[in-house]
Amino acid sequence: MKCMMNTSLLTCILMVVMTVTLSCTKPESQPLKVGVAGPHSGDLASYGLPSVKAAELVINETNDKGGILGRRIELLIEDDVCKPELATNTATKLVSQSVHIVLGHICSGATKAALGIYKDSNVPVISPSATNPDLTQSGDYPNFFRTIASDDAQAKLEVDFALDVLKLKKIAVLHDKGDYGKGLAEFVKGFIENSGRAELVLYEGITPGAVDYSAVVQKINLSGADAVIFGGYHPEASKIVMLMRKKKMDTIFISDDGVKDITFIKIAGEYAEGVYATGPKDVSMNPLAVKANEAHKKTYGSDPGAFFLNAYAAAQALLNAIEKSGSTDYAKVTHALRTEYVETPLGKIRFDDKGDAIGVGFSMFQVKHGRYVEIN
Amino acid sequence: MRTILEINKLSMDFGGLRALDNFDLKMNEGEIVALIGPNGAGKTTLFNCATGIYAPSGGDIFLSPEPDRKIRINSLKPNIITGKGMIRTFQNIRLFPNMTVLENVMIGRHCRTSSGILGAILRNDSTRKEESGIVDHSYKILEKIGLNHFVSELARNLPYGAQKKLEIARALATEPFLLLLDEPAAGLNARETKELDTLIAQIRDEEKISILLIEHDMKLVMSISDRIVVMDYGRKIAEGPPDEIRINPVVIKAYLGEEFVA
Amino acid sequence: MLNVSEMKKSLLVSIWFMFLTFPIMVIRVNPIEKIVEWRWGNMFLVGIGSFILSFIWRYFIRQKESGLKKVEMGEKIIPFFEKLRSGDSIYLRSLCMTLSCAAAVFPFVFSTYQTTIMTTVLMYVVLGLGLNIVVGLAGLLDLGYVAFYAVGAYSYALLNYHFGLGFWTVLPLGAVLGAFFGILLGFPVLRLRGDYLAIVTLGFGEIIRLVLENWNEFSFGPSGIANIPRPSFLGIQFSLQQATVYQYFLTIGLALCTIFVVNRLQDSRIGRAWIALREDETACQAMGVDKVRTKLRAFALGATWAGMVGVMFAAKTTFINPASFTFIESALILSIVVLGGMGSVPGVVIGACILILLPEYLRAFTEFRMLLFGAILVLMMVFRPQGIISNVRRTYELKGVPGRTLRD
Amino acid sequence: MEYFLQLLLGGLTRGSIYALIALGYTMVYGIIELINFAHGEIYMIGAFTALIMSSVLTLYGFNEVSIIVLSSLIALIYSSAYGFTVEKIAYKPLRGAPRLSPLISAIGMSIFLQNYVLLAQTSDFLPFPTLIPEFNFMKNYEHVFGSTELVIVVTTVLVMILLTILIKFTKIGRAMRATAQDKKMAMLVGINVNKIISVTFIIGSVMAAIGGILIASHIGQINFYIGFIAGIKAFTAAVLGGIGSIPGAVLGGFVLGWTESFATGYVSSDYEDVFAFALLVLILIFRPEGILGKSSSQKV
């Protein structure tokens, strides 16, 4: 009983102390905290690390110019390994460190898990890569924005292209059973079935990392599909394309942003020729994109990785919103994100009410002579 | 004198090897019977069949725990057979090495007690009573066997002789009416063997437990057993009181070879 | 110590490691750009590092072999916990008091983040204790334990989604479903022993995950289920911070309950049967223990806790997808049990603290965290394979028996 | 019919890879009863070394044949060196420890090696050069069974035959069998048990590296994570065939490869792994010692 009394007394004292410390207003000169969250270790690290580099580049540049609103910017980099349960820890940690805005997370699942925490703490979040439609369309997360098109938009583009431009009649849809790939494939399947203009001859998931895909490739062959629409990332895509071509199949291969990566062409080599993939509008002529890529090369000595430009644009949009709104207040910043255009490597963008970017155009690309060429 | 164990035409094949061949055996209440025979004669296999570790290829085993009740125990699970009142020890000691001596014996009480998960968690009156009953009973057995100064020692730390005794104690905790001992004297020194001799007699006389034992120590066998059964190549080659067996030419031949038969 | 032969040995080790790490550490190729980068500095570092480490390694190996076993942890903790076990009331009471006070004020002293982490640790304590029943006590190597965890998490998410059932309703349901799946798995694998059992349970865990991943109509596939409500208290909705604290105390409650139950179980008739089964299956059965029932009980009880923690997990993260229930998760829980010391309750608690907190606080070395995690597992096993706290068998009160606490 | 044949041969190719890795598992398990979780990582390191070496050699202008031979050879040497070292560090000090300890140590080693390669090299997928020379083989049926597949299957069979000869007919093979049966006895009759265990790890690692090189050139890309999945599958294959048995591992590999191939071909690749594991569970329930494993009757 005595112990109980002591405990509660101690608790009371501590709570008072806490309240006092917490309510102390912080001086404005404190740095602006930008969280960067995503997978930085584990098997998906290659999708998360480029965002860290993008954030570092943008923020170093801004800090070199004297920061923003007279405040320096501090990066808080946290790993979530793309796991929902770790993402909630990551988010809580960032929130505990009173982060102002967050660039991340990378995977849709991790993003969903983390968003609830950011929402309760009024932290705006911009993801460079989480494409799950629910994130914006459900209306559950008013604090969420993204610089990448959602799955359904991409799926629509793929299906329209297949039906209207290529006039295909038999389509096989494959996915990698992942969050992103399967989500996309579900939409593709739905659009094809609704159109009534083409037949869905195959709908299957493949196991990423499996040692061999020849069985599923044979199955595509047997199904007599004119084209394969694949939802997933480039490692599996290149394996399937290479196998199909080695087996002398000339089935058209259409895929998504996860495949519209230069690595895909480098790995698949000659076999990549003719492959279609959707992706953000060609920005290679965009001077900002050129600049960002060069900065990456200069600083890190290599070409940027996946979602680098999306992350770069997201970082710029975040800083722009803070600058334009003149504060870190949640309402003002989100309002600014929705109203103020910003020049980014992806073009001039702002966000709509749901949080999707306006101005990030999507188009279809095809591999020609070892390069992705935009199809108009 | 009623029959408590009846084995009829028991056979056991391992692939092509016939380890038991139409083996018959009867045991009466209160008897100490020794099972002898050269290595590989099928003695341990018989134990394994009787206690349900192996399923015999043919024949029947009947157990009669009380008058007018005869149960066929072929291929019953070992734990069921133990529950019926027949228990065995092992040739190469099979204690629970990382449990204390007391706990080893307490395992023997498992089949005579019944508290379940809920009882264990709630530790209600009946469970507590049962628990303390288990402890007391087990301790009494250890006292009787003379292992009470080892109660809290881990079984693996016991000297060899004590481990052998502990096996017997553990078996006794299951309240058997028939105890099968597999080479209880193997590896014991003369003094320990002497103690074992007394112990076995004591178990029979005080606990009213009949005993079937496999043993190579002839001195021990001759001194304690009421009847000896000799096995060779899975068959019974002789049976009778010790004095008869001692001079039985068939037995001598099996043990020592042709040339020793006078 | 530092004589010539020792130096020579270490030099050899260092040369060997320089050779060994040469292609991976020194050369980095970019086959796409056709660039080869030579990093001779790394070779130098490996050489120096392995030279020094080999001395330390041999020192500890000698320590271990000479039977002194003066690994610090062991020396300090074991006697301490033995005192606890033997019911030394001063130690017990003071420790409990300190711990409970610390636990009670923790969320008010530390940040929400720290509280979340502690909640996670406590969940793994419960998972570890649950698996401890199966692996530590009954000796059945289960590599698919995470399946039951998934069952719990999905039962809350789905029952809430379809029928709007609340946390408190599903918590016992999760436990029951966990137990049910435990028995379901238990039945076919009863005959298997050792490593066969391990691989089948691994397969079972994978099957559950794959079904969740592929069966969209049932589980919403890889995109998972979002907006799972946090636990409520008499219908009051909490803010994030309050909910975190609330969950923290809930998990403490569950953990205490688990410790209580596991402690009672392992000192009961059933617990003894489990340990005996682990020690010698044949002898155990011959002594009258029903193998099938005992094993099934272990599986079911172990899975029960996983089911409950699963429900808690879903309520904590508010989002679940199959990616959280991979084999690595099972391996992590198993590591907690083995690292802590199989069959030992305080061991599991400490194991969970180390294995969950370590990667979390090693975030500073984000990149190296998993590397260190792997290395620590290996080192721990090499230098203290019985775990941090080896299990101590209970001694019994016997009236008027002197010297009853003899032990090794 | 052609479709069936395609699946059959596809399964054979896939099974060969499983078999090559499974051989390492089964040998190690046979000798020290340890599931060597780090074995998949050895396979990955073998493939990585081959990639690094071939890139370097290409850069220095070696001709094609010497690149293939040299980089494969170096990869085999290195992976066996890794296998050897892993055993010395993570398993040897654990002889006689509780049974689960080496298993945890192995899991730790596996995590360590994955991250070691991740940190020292890259997390990205890297294109792997075609180290298996392509040649004309049944030109008109190339889409059914190409030269690469042929090389993979033939190599596996050859390796299995060589290994069987090694174990059945050589001195070291006899010593290995003796050690597997009874370590204490083997030691008593003068076998250097530690050496035999090291040799086992080295041979197992060589198999894994062969598998790694073959599959990497077949698939055309690698990253640090390939070892984990292949490792689990191969271990499944080893258990399926009867762990400890060399032909069992190969047969298990083939059965697993076929199961996956036919499950994909005739049902759906969604449940490819479910079929594989379900088969494993079924086989173990009805034949707990695996397809070719010897049933060990317990001694009492």
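First chain written, first letter: the chains are A, B, C and D, and each begins at residue 1.
By our rule, a residue touches a chain if its C-beta (ideal position, glycine included) is under 8 Å from a C-beta of that chain, and two chains touch if they have at least 3 such contacts.
What you see is a predicted model, and the numbers here were worked out from it, not measured in a lab.
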{"item": "Chain pair, B-C or A-D, that carries the greater number of C-beta contacts", "value": "B-C"}
{"item": "Chain whose average C-alpha position is farthest from chain A's own", "value": "B"}
{"item": "Chain B-chain D separation of Cα centroids, rounded to whole Å", "value": "48"}
{"item": "Where chain B and chain C are represented by their mean Cα positions, the distance between them in whole Å", "value": "42"}
{"item": "Chain centre separation in whole Å, for chain D relative to chain A (CA means)", "value": "36"}
{"item": "Centre-to-centre distance between chain D and chain C (centres being mean Cα positions), rounded to whole Å", "value": "29"}
{"item": "Multi-partner residues of chain C (at least 2 other chains)", "value": "30, 32, 214, 282, 367, 370"}
{"item": "Shared-contact residues (touching 2 or more other chains) in chain B", "value": "53, 90, 94"}
{"item": "Chain A: positions in contact with at least two other chains", "value": "41, 177, 205, 263, 266-267"}
{"item": "In the complex, chain C residues that touch chain B", "value": "261, 264-265, 268-273, 275-276, 279-280, 282-291, 297, 301, 391, 393-396, 398, 401, 403-408"}
{"item": "Chain A - residues contacting chain D, complex", "value": "41, 43, 45-46, 49, 177, 204-207, 209-212, 214-216, 218-219, 221-222, 234-235, 238-239, 242, 246-249, 263, 266-269, 305"}
{"item": "Residues of chain D defined as touching chain C within the complex", "value": "29, 33, 35, 45, 48-49, 51-53, 55-56, 58-59, 74, 78, 81-82, 85, 89-90, 93-94, 97-105, 107-117, 119-122, 126-129, 232, 235-236, 239, 243, 270-271, 273-274, 277-278, 280-281, 284-285, 288, 298, 300"}
{"item": "Sites on chain A touched by chain C in the complex", "value": "3, 6-7, 10-11, 14-15, 18, 40-42, 77-79, 82-85, 87-89, 92-93, 95-97, 108-109, 112-113, 116-117, 120-121, 132, 134, 138, 140, 177-179, 182-183, 186, 205, 263, 266-267, 302-303"}
{"item": "Touching residues (chain side chain B, partner chain C) in the complex", "value": "51, 53, 77-79, 82-83, 87-88, 90, 94-100, 102-103, 106-113, 115-117, 119-121, 123, 127, 130-131, 134-135, 139, 148-154, 157, 170-171, 174"}
